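The following pair of complexes shares a single chain, subunit A, combined with subunit B in the former and subunit C in the latter.
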Partner chain A sequence: MIDGFRRVGRRLAVGVRRVLRVARWESARASGGVDRRTLAAGVALLLVAGGVVGVGVATGVAGLDVDQDVYRVGVDAESPYSEAIEDAPSLRPVAAGTASLGDSADAVVVTVVEPGSGADGSIDAADVEEVVVRASDTRKGEAAAASVREAVESHNERLMRAEPNRTAAFPVVVTLRYVGRTTPLDGGATLGGSDGGTGGSGGQSAGGTDATDSDGDGSGTDADDTGADESSATDSNGDADADGPSGDERTSGGSDETDGDGSATDAPDTTDDGAGSDDDGGFAVPSIGGAAFGADTVGSPGSITPPFPFTSLLLAFAFLVPMNFLIQAYGSSILDERTNRRGEPLLVTPLSPAEIVAGKTLPYAAAAAVVTSLIALLVGGGALSVVAVAPVAATFLGATFVGAMFARSFKELTFVTVGVSVLLTTYAFVPAIFTNVTPVALVSPLTLVVFDLQGEAVSAGEVLFSTAPMAVGAALLFGLGLGVYREEDMFSQKPVTRKFLDALAVRLSAVPVGGGRGVAIPGRKRLRALGSVAFLTACTIPFVFVAELLAVAVLFALPVTVSIPVLLVTIAFIEEVAKSIGLYAGFERGVFERTDRVALAVGLASGTGFFLAEKATAVVQAVGLTELFLGRAAFADVSGFSGLPPIALAALFFAPLVLHVAATSAASVGASRGRTAYALALTLATLGHAAYNVGVVSLG
Partner chain B sequence: MIEASGLRKTYGDFAAVVDSDFAVEEGEVFGIVGPNGAGKTTTLKVLAGLVEPTEGEVTVAGFDASDPEMRRHLGFLPEESPLYEEMTALSYLRFFADLYDVPREVADERIEAALDRLELDHRERRLGDVSKGMKRKVAIARSLVNDPDVLVYDEPASGLDPVTTNSVLAFTRELRETGKTVVFSAHNLYHVESVCDRVVVMNEGRIVARGSVDGIRERHGETTYRVFTDVEPTATPALADLDATTEEVGDRFRTTVPSMDAVAAVREAVGDAGGEVVDIRSREPSLEDVFLDIVGRPMPGRYTGDLGGDGTDAESNADGDGDGDGDGDGDGDGDESETETTKTATTEATE
Partner chain C sequence: MDSRLTIAGRELAGLRAEKTILLAIGIQLFIATFSSFLVVGLVSMYDPGALDGAEIEVAAAGDAVDDLERAASEVPGASVTPYEDADAARSAFDRNAADAVVVTTRTESGRVSAAVTAPDSTVETTVIVVQLRELLRTYELNERDARASYLEESPLPLPDRSDTSPYFTFTYTVLIPLLVFLPVFISGSLIVDSITEELDQGTMELLRVAPVTLAEIVDGKAAAAIGIAPGQALLWLLLLEANGTSVANVGPILALMTALTTLVVAVAVGIAAVAPDRQAAQLLYSVAVLVLFGGATAMAGGPANAVARLAIDSAGATTGVLVVAYAGIAAAAYLGVRRVVAVEGFGR
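Here is the complex of A and B:
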């Protein structure tokens, strides 16, 4: 036993030493392949990219306005409006006396004095002063006038905030707390479970947050608290509801509602608040990140900004920028090995392909780690940011590795790297936009970065949910590429599709076929062969997971009536392809004999492998994604049917197994008969699977 | 040192190597010859562990060819030798020595020795800036950094100028003297003849002849006689039966016959025509003739420049370059061979 451990330890040490050697030489080679000018250009590009991000961040953080001094406004220094205009960055005050509308000023603040009138209509001695903003009759003049109004409102609010007597300044205090919400399936609901804050649906219970009413009609305080979420409206006079209509007339509870009529004025806002109606019985989404949905803001409703994590998101994006440079260098290095068989001599060294690839990848992975850490340091991120970005970087490298292994030329590689860059950036960035809105955002590890930058806590389950698919996916991508990291495939000029099939087929073992009745088939060999099928299919789960999450994220904003059918078919298609593409590769590459018996056997193995791996996606439950209606549609499980008897539960538990085996067997038989038959069988399998999904969702 | 039995390699429906069996003794230079697509390179890649055989077993230096440990005892020179062009010769060779766990001091000694012997200058110049011949020498030096017992060289002199070719061939002969076992493939048969102790001739994936070069020549070649006369021999029935052919060469006539009996018949026929025999030459078959006899078609490129459509671009280049080298060198060695089917200027010049 101890000897065994020692042997493994020695082998591991040798492997690590080899990897480090290749890595060292790869670093030297890579640095030798870049001349100083190119390096300087690269650094300059990085600086520019960093500068762009920096400016964006500065704009958001430090309030540096790019629209500084856009409008010239004439105002007297003695005017009470002078200070308001001086404080507004977009306004430049000019002396009202010298200001000429349309020429030296876009707007002028003037005080018009009109004679007052007595009760009897006679001229009163007391004059009435009225302040008027006169603007030039141009679009710019109109905009200038609007800016002056905004400046004055902001100025007034600042004065109110500075008022020591807060009760006098803000007689009504409404505390807003943003929470996630789900809604029952209805025509107005979106997949994310939000009704979009469109309001008007009287049947909808109020959201958990109550809207303040800025226009003084008193309708803004929903003290009825129909939602599960705490909301409080406190009338400083001690009469919370006295001045408003019945709160239950309100719908969706958009926090930015300004007129109390239930119509939301801010779309992003209304999707993340207004949650908390628990009348759907069990659809409530656990709060993610605790106070992540909370953003205390003091001020009038007009000044309350929605919880859009602009700054954090922008900073999180900075983590992705260096990846694009890295994959260019990395992809070139891998393809360089294949060009003109340059890497062939490496294959006759004692190093295994895995050691070679690991050694070649290590410098780029290390560079990604260093850059990520530096960025985290610069933008105020912590270890969570680095942990979150690691699988993204690994996936960037893994996808680039596979692409470089499949590409036939640098021209193709360019498409690959651009494709990888766009796809992964989109996958990482877009869901993160909804960080404070919905748990779906956690499909992207970048969401964790946003949380980290916001100082929000996340649970281990959320970290796992967010990073595991990409991490495992990256490992599998490397595994896929390694399958063709051999002389027979590396230097061939096969199309990408054929190489992809080769990479899959190389992981499969031939299924021994008996010669008929009474002929014993070597059990162990057969089992190993079928095991290879099941394992290959199981390995597709992270990609299936990612693809399905992406589908969820893409369809998030669509109305349920459209998105659910599309989603159910899409998911069925993704899963059927995942289960059968390896089988098709096996038949096409001659690993499997083209007989129905073999086709059914491998179909059974593939379906079973998928079923078992699918059960391992229980992490979805940990995060609560299945609590979303959309999540249920995508990741339906028997957990939602807890009221059923055990036999029915067992039947439901194994129903997916039957589905997967049956559908995959059908696709497998098609695959054994060629491409056209496979396409037809796959379509049938997809439709059957989609019908099953509809059934599950309907049951739920 | 090397044993291959029942070797078979198929790619889908295409059989690259079929039922090959051969053994190579320690210290032997073993040649594999054949036209393009004969299965030479595939066989060498199987020996190097680069390609897994579909069937059969191969052991090299006592290890299964698929055993990574075997590679410590192997030096492989592929047909093409593109290098990491951003590295210098020295750093490139050190890199490979490092991968074989060769200590730096030992590696440096070996590298220096190999580069000295191969007369390779510009060791600190980036490989992208050196000539093709230099790169080939660096590749050869690379095959030696681990001091292997077995060297597998695929077309080591292809595409090189005559001087470099001679240098490489001489180096290969020296390797034999140092006890290395060398497996050597070429379709320039002069290269094979000049360095190999034994050869196998492959065609369409099969070994169709084997043995020493002389032995194969004896078995598959025929000595022919050329009778030069001052008049054209009278076309007698006896001459027709002897399958004699007569050509006018300058102011003389050359009649080629397969035996001394036929030479006597020619002499008689010329006498009948009032002339006389002015010269008689015998001609031993070259390996190329043997190859032609065995394979039943001319060597691609060497004879007609026609690759038969089965060669790669790189191979066609090698053929083209190899022509001049082989012929020129062969003449220099005093080889009497002259191929009747070849009508190149070079071959004519040898006459």
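Here is the complex of A and C:
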């Protein structure tokens, strides 16, 4: 027993030493690949660009106004509105006299002035009785008119900020609190504290600076709110420290989309009228967790921002950016092994392919870990951020590894790399946008990063739910790629599809047939062969899951009458392909005998494997995905069984098993007869599966 | 000329054989669908009008409640019910009879203090807060009007609200430039790979012993890379047209993007010629493109803004000049790089 442990330990130590040796060699090679000159050139380019953009921004020449001058608005030069139009980046003023609507102008500002005024040519704002915006009768005209209104609003806001009489300029001070409905409220606290408006309002939400003012509000919030609120209260506290005197200023960082005058937030600070410096502060210091749930805001009505974790999202995105550069280098390194048979010497060494790949991957994984930790330190994330990003990085590397193993040329690799970047970035990023809205957001580990940056508590279960699927997916991808890390696949120019089939077929073994006399060969060999089929199919589940989620997301924008039928067929197709592609690979590569008996046997095994794996992932129910209508269509067969008699329940429970087995057997028989028959059988199986799905949806 | 066409044809045949161009178009389609999905999703979160008739119910209390009711009558999508005191309003909120509570109090300093309570962590919170902001801004305007005599500068009267779709501006200023410029980056990346691959595998030597000059090789490869870009952009513009988004000035847009493709391809050829291997070349290319486009977009009248203005039909004479200027820069850059490569060769 102890001997056995010792032997295993020794083998492990040898393996680790080998992996490390390859890793050392790879990192030496990689740092030689990108030589100092290239690195210096890259850094110099970045510095120059950063300098130019920085100077541009500082001097006001540059600005990221992609919508600059997209609407042309006719306005007289002496009209008080011309200044408002000129100040709005998206509007270009044209002389009202010469402008013709729809041709050289999209909207025209017409002012009605009081009789008797404006005799000397210029019109004072106070004399304007009414203003009308005439817009061309197009969507562009409507958009232009809306922009004019916004421009006038922000112009007014700027005027008011310059007013010496703050009380008249900003007569309303708003204190916004988020409260859960179940929480008993201490009504007096809010009322008592709201008589501020004299300097104290800035620090109110921070809760730490309330020594200066006597509001019961700040402390009241801390006392009767939930844990999540408390942690975000501390968050905004740190924020207030960074920003300076006004704690409510963080709203200006996150509000640039929805309201054109985000910098108006400092308005209620009667004592502090340094509008310019506040603007800079709001821009330069990214406010972490700004406008999150539970973070209270104080300010003029214009400063209210809807709860949207804009800044946290932006910072979470920063974690993904370095991955794109990393996988470029990694993909190149893997493909380099394959061009001109360069990797052959390594293959003939006693190192196993797994050790080689682990060694080659290790430096990049380490680089990802270092970069992620650095970013986490910079943006104020904790260990949770690093843990959450780890599976994302692993999946980036895994997908690139598979891509580099399948690609035939650098050109192909480039597209694979871009594809991997785009797909994974959207998969990680898009759900995170809905962080505070729905628990489905947790399918992306990036959601954890957003939570971490907002300072909200996350349970261990949530972390597991969020990171485990992606980690498993990454492991499976490496497994897939390792299957073709062998001489006959590495150095040959096979099309991607054939390599993919190779990679699948490697995982299968022949199914022995019982000599045609109806006596099945009992025994382990047969079971093991069928077991490997079932396991291979079960492994497709994470990818099926992702593909179905993407289908739901893409079809989300269509009207329900179109999206539901399309979705049902798409999902049936995805599942049928997942179940039968491995079988097709087995038949094509000659692993399985092309007989109906074998086809039926492997079909049965594959369908069962899929059924078991699907039941294991019934956790989707737990996160409430089934509440969405589209979600219900996609994952119908794991929910909605309550309130039925036991026999019907059992029938319903095993109905998917019958479906999967029957459909896959049909596809399998087709697969055993060649490509055309497989395509036909797959279509049939998909239609049958879709019909079943329709039945389930209409039943539910 | 003939040999250039042969080289260009060989490049395109390689792309076709690997079906990479299909993958490229697939990626672009994916980006376009997803960014649209993103915007539709976000807008339906932000624009209560997009949700049918979303109206919020506000429980109000305090001594300034009448004015708040007056403001609510001017705002579509918010109605105010007065309650006797703050506790009554709060209990209405707690039993779900109201979406939010606003307690307005007049302070000694002459201001109005509004204590707003909104529900925590529900899907509707965003909608509620957006509507509350609208209500309170109207309220602020009314209060400001009442104090207008104390102001030095009176604010300008606002024009009426108009109905507009928030994605209109997005489509023209983000989506169309994005779709037009994606093929540009792809073309540049292609030529980096094409040249470094030939150098790496030694086939460039074979090409050199054929009766073609280096300049002709560069021309042929560049022609293939530049040639496939406008077609892709045109495809996107036609697709948008079919979807009901009319794009103006298609010709100038394609001219501008072809000029930019030429510029990027020139940069890519230059980088491929000097970089030691493919890895370094791709890295430098990514950084250079990032710098080039980041810098250009940040400047006033950058290419993204120019495309937006052309597409939305707000282009002036300056935009035309800009297109010509980009074409001039691109031609000069390409000819310069071609000459250097023809003289120096691919240096490794």
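As a convention for this text, the second predicted complex is superposed on the first by the 419 of 700 C-alpha atoms of A that agree within 3 Å, B and C clash if a C-alpha of one lies under 4 Å from a C-alpha of the other, contacts with A are read in each partner's own complex, and residues count from 1 in each chain.
By our rule, a residue touches a chain if its C-beta (ideal position, glycine included) is under 8 Å from a C-beta of that chain, and two chains touch if they have at least 3 such contacts.
Just so you know, these numbers come straight off a predicted model, no measurement behind them.
By the document's definition of touching, of the two partners only subunit B reaches A:E488; subunit C does not. Touch criterion not met for A:R498: it reaches neither subunit B nor subunit C.
When both complexes are overlaid on chain A, the residue A:R29 reaches subunit B alone and has no touch with subunit C. When the two complexes are overlaid on their common chain A, residue A:R161 makes contact with neither subunit B nor subunit C.
In the superposed pair of complexes, A:P345 makes contact with subunit B only, with no contact to subunit C. For subunit A, the partner touching the most residues, choosing from subunit B and subunit C, is C.
In the superposition on chain A, contact is made by A:G419 with subunit C only, not with subunit B. In the superposed model, A:S333 makes contact with subunit C only, not with subunit B. By the touch criterion defined above, A:S409 lies against subunit C but remains apart from subunit B after alignment on the C-alpha atoms of chain A.
The contact surfaces that subunit B and subunit C form on subunit A in the two complexes overlap at residues 33, 336, 339-340. Interface residues of subunit A facing subunit B in the complex, by the touch rule stated above, are 18, 21-22, 25, 28-29, 32-33, 336, 339-342, 344-352, 486-488, 590.
By the touch criterion given at the top, residues 14-15, 18, 20, 23-24, 26-27, 30-31, 33-34, 36-38, 40-42, 45-46, 86-87, 90, 93-94, 96, 103, 105, 107-121, 123, 125-126, 129-130, 132-133, 136-137, 139-140, 143-144, 146-148, 150-165, 168-169, 172-174, 177, 186, 189-190, 193-194, 196-197, 200-201, 275-280, 282-284, 286-288, 290-291, 294-295, 297-301, 304-305, 308-309, 312-314, 316 of subunit C touch subunit A in their complex.
Per the touch definition, subunit B reaches subunit A in the complex via residues 11-12, 45, 48-52, 68-69, 71-72, 74, 76, 78, 80, 82-84, 86-87, 91, 95-96, 98-101, 126, 139, 142.
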